[in-house]
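Take a look at the structures listed below.
There are two complexes below, and they share chain A, which is joined by chain B in the first and by chain C in the second.
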Partner chain A sequence: MSPRAADRATYLVALLIAALFLVPLSWLLSLSVRTPQEVYLGAARYLPEDPTLENFRLVLTDRSFGLHLWNSLKICALGGAGAVAAAIPAAYAFSRFSFRGRTGLMVAVLLVQMVSPLVVLIPLYRYMDALGMLDTHLGVIGVYVALGVPLSVWVLKSSFDRVPRSLEEAAEIDGCGRAETLVRITLPLAGPGVAAAFILNTMMGWSQFLVPFILLTDTGKVPISVAIFNFAGSTSASTTQLLAAACLVAILPALALFVAVQRLIVRAVSGGAVRG
Partner chain B sequence: MAARPLLWLLPIALVLGTVYVIPVADVVRLSFSDATLLRPAESYGLSGYAAMLEARDLGVVLRNTVVFTVASVVGLQLAGLLVALLVARGDRRGLPGMTALRTIVLAAWVVPGVANGIIWQTLFSEAPFGAINSTLALIGLPRVAWLSDPEMAMVSAVLANVWQGTAFSMVVFYAARRAIDPRLYEAAEVDGARPFARFVYITLPQLKGAILVNTVLVTIQTLNTFDSILALTGGGPGRATEVLSLHIFNRVFYNYDLGGGSALALVLVAISTALTLVYIALLGRGRT
Partner chain C sequence: MDKTTAEELRRAGAAEGARLNLEGIAKRFDGGSVAVSALDLEALPGEFVVLVGPSGCGKSTTLRMVAGLEAPTEGRIRIDGRDVTALGAADRDVAMVFQDYALYPHMSVARNMGFGLRRRGASREETRRAVAEAARILELDDLLDRRPGELSGGQRQRVAMGRAIVRRPRLFLFDEPLSNLDARLRISMRTEVKRLHARFPTTTLYVTHDQTEAMTMADRVVVMNAGRVEQVGTPMEVYDRPASLFVAGFVGSPPMNLFPARLEAGALHAEGRRILPDVPAGLPDGPVMAGLRPEALRLADPGAQGAMPARLDLLEPLGAETLALWTAEGLGEVWVRHDARARLAPGLRAALTAHAADLHLFDPGTGTALRSGAFENRSAPLGSPS
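The block that comes next holds the complex of A and B.
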């Protein structure tokens, strides 16, 4: 096969894969702009003849839906920020100090992720019950912080590694202590890494379902992931188009963040998974 | 340097200790107890484990877990490898549009698990207007019982999972493929090796490490998540798609069986730990 023919084959397969991956999302989009009548016409109206934004209007003006979006934003942002804050000193220590057990501890932090949240939620549910923290955002945020710590430590460490030590030494000569050097010199220079860790945590939090599903029962407090699950359980065929619109609105923030930081994600995943 | 690393590690030690270390230790304790979600342990023993082994449904659940996990892991790796090699080839030839393909595959990965389940439910819907079935009807093919037939439901669950998870394997394989020394391919070309031979004798052996590591990571991810299954089939029809993690969830939070659920949770942790040890061994070998 000539290189030209191989290029054509490459494109053919690429198009096929792209189509397979786009069909589910485009079907969701198609459903979300249909009238109930067109929903019943199935694939024949993949391109609706009478598209409408009415479903989005209904979803977005629904007060409880806005509340769920707000809950998600609050829990994810605070959980993500908490994870970054907890991870900064540790990541700095892993980057700058040499001490016994350093590599082992770094691997241990990574391995925590291998434990399913489901396992730890069994006792956590009881602790939170005893502390009166069930059905509070604080409890959920606390768990999100822990879920975000491992990835944050690794992303932050690698961005601290890239900050030249000579800049820190200059600050030390001027009489800055370790902590002051970290806050004044290293953190501002590692800004992109800090932002990446925060955004990655927020995105992971946005997808999180199990933690809020178990720890929150008050429907006014649940985030969007739990809300669309509950909505899906209560809908019938006649409201499929509304479910599709709600689902799309729930996906879009994560999708938008992702498109903005795609390169960072690819680097974080390939850096964490195929070291050595 | 006179630094006290322990002080710097204190915040994450507190967080991970409270949310991971103590709870996992507590799961071990609970697994030997007769506690339920509603009352604390009154006595300790092996009743949780006995109940776990006696449960009639355990065999079905374990079988589902093996089928779902093996099929998903094979599917995820084949799909991930295909896309990664395709994008890598496009990159080398300077073909435009390869980044777009990568973005499309990654977009599926960003979709929350629950939303994934809901999307695929509308696709697999067996109502006359379900996406796939109404397409089949349009071209004159018989409808398929995607979700109501026990065996098809498992196929559907695996398809939805592969659609969502391919991106992870793709990223891992893409990075590994780019790390292969191009001189290997140049030498093979001089020797007259055909593309298939180059794939079998260069690409696959060079990717062996990445494939092994990815197998472990993807297996752990697949074992630990069930939100898309919960939204897609709810574990049904019957127990046809109830995997271990979903079963534990049901047992603890619907049947309030803390002892038996904890015993099963420990089985899940044990499998993950064993796989993790394999992962560490693989990483260690990669370094030397």
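The block that comes next holds the complex of A and C.
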């Protein structure tokens, strides 16, 4: 295959993958600007005749919507920060120390990432119950931390790998202990990786549904994803257009964040070495 | 500086800097590779000691053990008599200039230079003053607010040295600090490092693979090969009396011409020719490795006794002198140092000769020197007592 043909094939595949995500998203957009009457026309009229922003106005002025957004932000940001903090020592050890079974452990960490939270949700529920942490944000944050650690370890390890050891040795000769070197030299230089790990975790938390759905019952505490579900389940079908608008508003922060920082993430995951 | 001067300095207490002793240190890496074995070395206070040897011979490993970045598998390291083998780098009060400079990319030049002082508890004001002083000496005043990424290679190199001198450590370590610079800059930095050492006579251990750098900078040269010390001596001792074939072939540019030969009844024979009569060695007859420096060979009358017919293969005019590669009967290919005005051209057929007094002889099996040329006698300075 010629390079140009290969390029075209790559674009084609990318387009297909994008379509897979964009079709439902555009459907959501279509629904969110309809009047209740037009909702019943379904796919027959993809472009509504009389588009309206009324649904967005209703959603955004709803007090409880703001509360749920705030819940999401709090749980996700703290969960992301916690995961990064917990992953730093492990990632540093994987990057800097050579010990027996290092590669095996790295793979094991990745395997944990593959386990769906669904599988552990029932035992998790019991743990949280035993700990008295059901229906608390702290409990959910704890689970987010645990779920975020594997990916964080990998992202952080690869960005620690890119900080030359001689910089740490120079710091050691300048009188720093290991912890001080980590805080003053390695972490600042691995900054893009730390930020990327934090943002990836926060976005994963944002899209999390099952964990808060199971662990939180107080409707005032649930994040936006669960709140929308509750809303959909508890009211008549005539709210479909409101639901669509709410969904769009809910994914907007994550989307905006991703667009803003995608360069950073790409750089952190694939970038070259730090140079001194 | 020769041994006596350093000794005098030490007695006078004039030298800043520590005495460094390596006692039988060895380093075996986890994979089982032996980087350094049973190395003994003493650096006197204020002395500039250069570790030189081919790539992979264990120079960096030795330096890193002294710095405390690598733990020796065996042996002791003493600084001013105190056993520091078990101490980490942070507790040894040494400064090091790395080959890649290892400047902190996220800090300004000023913060790079002051970092060590601050970490060791100096006040902001003290640090500022020390950094300003070092920056003045190294002409870095205008660069203090820049980041390392905004500097040229030579400037980074100077910042790395600045970072080392700011702390006024008792021991300076350099790991091939000039190897990333272009040739011209390397030569000027060589001078600058020496000038700096004259100003702050701190004990210095300097690693390089470049024998010219070693010869020009060192008070004492330590020639290393395959994890072992081949010879320790002043540059001239190492040049005039190489202790082994390895040193003879490593030191000097071009290095010593070496060729297999035989001693027979006090004369040197090679390829069936009698090359040199009257070798005053008192050695038994048998095979030897013979060595002649490029300046020990001269053009000769083809009819003269012991003259070896030779053909000139190529010329390297250097301006002040000309190097020529000859193929000579008995010697094989040899480099000869000629006067720049000698009338030479490739293809020229002539004869070469040497003095028996300039001959180096080595044991062909072990490589150890059996006899060294007598340069030091002939080149004794005028008026010195003999």
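Here is the rule we go by: the second predicted complex is superposed on the first by the 231 of 276 C-alpha atoms of A that agree within 3 Å, B and C clash if a C-alpha of one lies under 4 Å from a C-alpha of the other, contacts with A are read in each partner's own complex, and residues count from 1 in each chain.
Just so it is clear, contacts are C-beta pairs under 8 Å (C-beta built on N, C-alpha and C of every residue); 3 or more make two chains touch, one makes a residue touch a chain.
Computed from a predicted structure; not experimentally measured.
Novice: Report for A:Thr61: first if it touches chain B alone, second if chain C alone, otherwise both or neither.
Specialist: A:Thr61 contacts neither chain B nor chain C.
Novice: Where does A:Thr103 make contact in the superposed view: on chain B (first), on chain C (second), on both, or on neither?
Specialist: neither
Novice: Please indicate which partner A:Leu22 is in contact with in the superposed arrangement: first for chain B, second for chain C, both, or neither.
Specialist: It touches chain B, and chain C stays clear.
Novice: When the two structures are overlaid on chain A, which partner does A:Ala90 contact: first (chain B), second (chain C), both, or neither?
Specialist: first
Novice: Where does A:Glu172 make contact in the superposed view: on chain B (first), on chain C (second), on both, or on neither?
Specialist: Only chain C is touched by A:Glu172; chain B is not.
Novice: Mind telling me which of the two, chain B or chain C, contacts the most residues of chain A?
Specialist: Of the two chains, more chain A residues are contacted by B.
Novice: May I ask you to decide whether A:Ser2 touches chain B, chain C, both, or neither, giving the answer as first, second, both or neither?
Specialist: neither
Novice: Taking the superposition on A as described, I'd like to know which of chain B and chain C A:Leu189 touches: first, second, both or neither.
Specialist: second
Novice: Between chain B and chain C, which residues of chain A are contacted by each of them?
Specialist: 98, 274-276.
Novice: How about chain A: which of its residues touch chain C in the complex?
Specialist: 98, 164, 166-167, 169-177, 180, 185, 188-189, 274-276
Novice: Quick one: in the complex, what on chain C touches chain A?
Specialist: It is residues 30, 67-69, 88-90, 94-96, 98, 100-106, 115-116, 119-120, 148-149, 163, 167 of chain C that touch chain A.
Novice: Under the touch definition given earlier, write down the residues of chain B that touch chain A in their complex.
Specialist: For this pair, the touching residues of chain B are 1, 3, 5, 7-12, 14-16, 18-20, 22-24, 26-27, 30, 37, 82-83, 86, 89-90, 93, 95, 97-98, 100-101, 103-108, 110-115, 117-123, 127-131, 133-135, 137-138, 163, 166, 168, 171-172, 174-176, 195, 209-210, 213-214, 217, 220, 223-227, 230-231, 245, 248-249, 252-253, 258, 261-262, 265, 268-269, 272-273, 275-276, 280, 283-284, 286-287.
Novice: So in the complex, the part of chain A that touches chain B is made up of which residues?
Specialist: Within the complex, chain A contacts chain B at residues 1, 3, 6-7, 10-11, 13-14, 17-18, 20-25, 27-28, 31, 39-44, 85-87, 89-90, 92-93, 96-99, 102, 105, 107, 109, 111-112, 114-127, 142-143, 145-147, 149, 153, 178, 203, 206-210, 214, 225-226, 228-229, 232, 237, 240, 243-244, 247, 250-251, 254-255, 258-259, 262, 265-266, 269-270, 273-276.
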